[in-house]
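Multiple structures are listed underneath, in structure tokens.
Okay, so subunit A shows up in both of these, paired with subunit B first and subunit C after.
For the complex of A and B:
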């Protein structure tokens, strides 16, 4: 046994200090607001100052600095103009990452929303709704890293003469096929990573769409059923049009999340065998190879790609209410 | 006629749902069963044969939590790190966003609308845009900010900072929507009675916004607990400060075929979020419904 409880004490002490310091700041803010009549502008400033300070130092300035870094070389101090962007559109790995990201962003939202919709349509009015939704939400709690491990195990490979321990190869062998190294053979390995991502996302779609379906007045669907429409027709003609705004929100949210997908690729293949995506390539360049300029350029590209989706999302959310 | 067809079709729906549920739980079930099987069994036979060789053990969990070897997970230590990282990373943005959202929703001041738009707009900045400069900020300083050279447990501070900042735009957006939607006459009545901003915040806003705050807290908890990228870049990667996700990811890379550790490790890491999901399901679902744009 190598767990050293004593070695944990400084960490817990640091946690206590951190929380205590934060509590002190919060108390000061509340105290300042309590002391007599505070002018509106002063009150707003006191309440907003911590958030604005953090956002400026931690997000706004770093974002701008990344933009600047994308025009610099390896160490971040020589100006190289558009070289990093030129590298991006000529380097094999960067191009593969871009291609894969586009495939991911089309397939993941489409597949996970389709699965989530079918599931939601079936369980929305069921007594077991809560339990049923928990089942498909589980992958979300397990984390992307955990999901990577789960699916790596499903795809595990043993030579044909050995017994298979991976479920997929076992099924292939049962049906008379040859076991394969699913994560190695390009380009299909990209699809096997996407399956893992869809697995983590469908629960989210199911929860949002279930809520939307339940908000559709039941009289509407019941009347259609009485008029002789099949449940499939009701779903297509009545439910789908009514939940359109939510459907859009779900698709956009999945797309935004997919652009930033990193953990699954890193856990399952490390980006090898032509499975890289932008977010992963960005990490590799910036933190593994020390190519800050290239990493920054990839981050900027990611930002440019994701921005229209987020802008659209903010508008769509307002419509969906 | 119609009744029959309708029943068949709704049965088809149920069948599809059951199929999806089975497909979605089987991979996890396989991993869970495997985590209790002895190493030689996991590596030579499939988990579906467990009924034929019903040998179960807790050795994998002992080994992955606190085994002595190099490849052991030492996840017990990393578990402590995950806790130390997650608690402030939920608490800080929750409180600060609540304050900011109140000011933006209920205090009239010049430039307010522009500020609301600016903070909401920051949601477009992906985490990747901030990572390199954040790391440089802590290690080299920048402009008027000194280099901090944080070592040991102080590295937790870097991770708290990053998670707090990254959560703020979304949290302010979410809580602003909720607070701005509260009935004006309730707030006006309290103001007429001479309530200060502090009283309004704690006595009126806090109880009314509690469901939204709980929803955000649960989602942020699961997000931070499961985060890999921020931890990988800012936590330092050692057993002293790295959370479980970092350790599990490195086990999956370096000891990728040591399934006895990976299977047990995945469940040790997922245990707390699964507990949260099943015990706070309502808040979890509410948090998901409330918003879906995140760093």
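For the complex of A and C:
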């Protein structure tokens, strides 16, 4: 495709104006700060202003608008009070999405941290650490959509008479079983989706935890071993308590990330077969069904659910810092 | 470098990077031969004007559209800029809310179009467009594009959904003839099952739209058992979704699709439908593992490469029969054009899209069905397209629009599809219909 600079002239002009305006604002701020003695609070305000402005435009206003929308009906033009919230706690599918989200938020961080921890404990002091870590980190480099497609193939179903194209069913058939529709059979299909998510997240946990384990002073472990502690006891009584802060950060980060799970569900089942999660239900309601109010209500719920985790994360960081 | 010089440099770098990332647009003129402009004289001259079109069709289908209106564009001087997007249904709302609405959109569901009409976003059809719509389509078809008495759009594409695809060879070998009544259809089904072949195959997997082929089945059978009045009332929610007559239709479909003796030919037990994509579901008809596959006319494009379609070829289709041989209930769908702008060039373009010339020209390029009265079936690209057009033009046909496309999207594209999946998975008709009824948005 060609880029015709002449045809794009007006756009280039806008762009230049934008860049110039930005530069002007920045230089004005710099100038204002530079000129003579200024009270510290004013300086802080000036420095914070751009960030505050962006936060207001990009976060605060949309947030308030979403909150307002959650009290409106289809199309967002009539007030319906708490109807959308009432729908949320009575509608079967919305409840299933809520249930699934909770299952995700409990299982994904727990499983990926557990897998990551075991892996980290195994490779932390190994010579092949770098190689082993890059192996487990690789799924993280794949987008969630890519991971979803890969795992959809793993779970693919073909009738017993036909050749299996799915890895899992192929294994089942080799061992003499009947192929099953893994992604269809509720409620177990939720677990199969979670496996895909854990697969992408375990590497993140493993890398952080390896670093934490390596930071545990070797004297501690050696002393314990000399005192006759078994490796299991060392892990439980020395390593785990020493890496507790990192463990907590990993768990919380995963939990916050899991609340937003959307891509894997959308690519693997499209929220069908009772596998929907809140983020996906929100998208369906707001953008596919045009039920803006319900979508906004789900978004508000998601926000409320994730807030304690974020708050805790911030507090933990402040304590650490 | 002094501060000022550094700043200038930074600005230049920024601008250069940003422009390099700007979206390049293919604005080169299309190569073309000079066309005969006489047929386009009515549409006037609009040199230098642009009409943007936003629709679902991409790739080849999009190319065919663009080729069809290329002459119109050249002769009128309108630059028609087409954009196809597989996520049309979700994105159109964002585009409109974001103040970036296209001039013309092709809506695949009247329900979606109605949403924008009610929100006051769509421009009513101009007098010229309305006149052409009245001349070209039946009142039924124009009714789908009419909201509260105002015509907003015109039909563009039509498709006939009530087809049963079968293999003429298979039928000949088994000594079967094409059923003309519902009773005959049941007899054929039983005969095939008795011979050891599962007569029906179906697949309902379609990502987030999983379930829709079953909803078509249920609508088709309801239309046949209860007639057009009950069907219309059901779609408009004047009778509840879980009316006993609807349950009866669901149970009839269930006796075919949820029956391991009758389905799912070539794929195993009936429940396997949930994992079989609708695109691949008809394939066992070719191999003889399944005898009949009910799917819309567009399935003609989904057969494996090299499959020949015709009354004495590899596969062909018959109309899902009505109660008796004389009734021809047809369930169908369609795409409608509507506009978010009302400039003269947009009007001219819409008038052209609403003409028989456009439909006939488009049919000359490849598979396409229009319900326009002025379309000549002889122009059809495939035998099934011809059959579809004949059915649509036949005054004896009772045409009804796909109900799930007319229901509110949260039902028609939401709970009805999801309910259909549960139903195939084993839930009872009553259970599923009840939950869909409860999900109907309150006014």
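What to note about this one:
By definition in this document, the second predicted complex is superposed on the first by the 267 of 321 C-alpha atoms of A that agree within 3 Å, B and C clash if a C-alpha of one lies under 4 Å from a C-alpha of the other, contacts with A are read in each partner's own complex, and residues count from 1 in each chain.
Keep in mind that, in the parts below, a residue touches a chain if its C-beta (ideal position, glycine included) is under 8 Å from a C-beta of that chain, and two chains touch if they have at least 3 such contacts.
Just so it is clear, the model here is predicted, and its values are computed rather than measured.
Contacts of A:141 after superposition: subunit B is touched, whereas subunit C is not reached. Contacts of A:92 after superposition: subunit C is touched, whereas subunit B is not reached. Touch criterion met: A:74 reaches subunit C, while subunit B stays clear of it. Of the two partner chains, subunit B is the only one that A:59 touches; subunit C does not reach it. Contacts of A:287 after superposition: both subunit B and subunit C are touched.
Put simply, more of the residues of subunit A are touched by B, taking subunit B and subunit C as the two choices. In the superposed pair of complexes, A:271 makes contact with subunit C only, with no contact to subunit B.
When the shared chain is aligned, subunit B and subunit C each come close enough to touch A:11. Overlaid on A, the two complexes show subunit B and subunit C touching the same residues of subunit A, namely 1-4, 7-8, 11-12, 15, 19, 156, 266, 270, 283, 287. By the touch criterion stated above, subunit A contacts subunit C in their complex at residues 1-4, 7-8, 11-12, 15-16, 19-20, 23, 27, 74-75, 77, 91-93, 156-157, 159-161, 181, 183-184, 186, 266, 269-273, 283-285, 287-291, 294. Only residues 7, 10-11, 14-15, 18-19, 22, 24-28, 89-90, 93-94, 112, 115, 118-119, 207-211, 266-268, 271-272, 274-275, 408-410, 413-415, 418, 421, 425, 435, 439, 441 of subunit C touch subunit A when the two sit together in their complex.
In the complex of the two chains, the subunit A residues touching subunit B come out as 1-4, 7-8, 10-15, 18-19, 22, 26, 29-31, 33-34, 37-38, 40-41, 43-44, 47-48, 50-52, 54-55, 57-63, 65-66, 69, 76, 115, 118-119, 121-123, 130, 132-146, 148-154, 156, 162-167, 170, 199, 202-204, 207-208, 211, 225, 228, 230-232, 249-250, 252-253, 256-257, 259-260, 262-263, 266-268, 270, 279, 282-283, 286-287, 292, 295-296, 298-300, 302-303, 306-307, 310-311, 313-314, 317.
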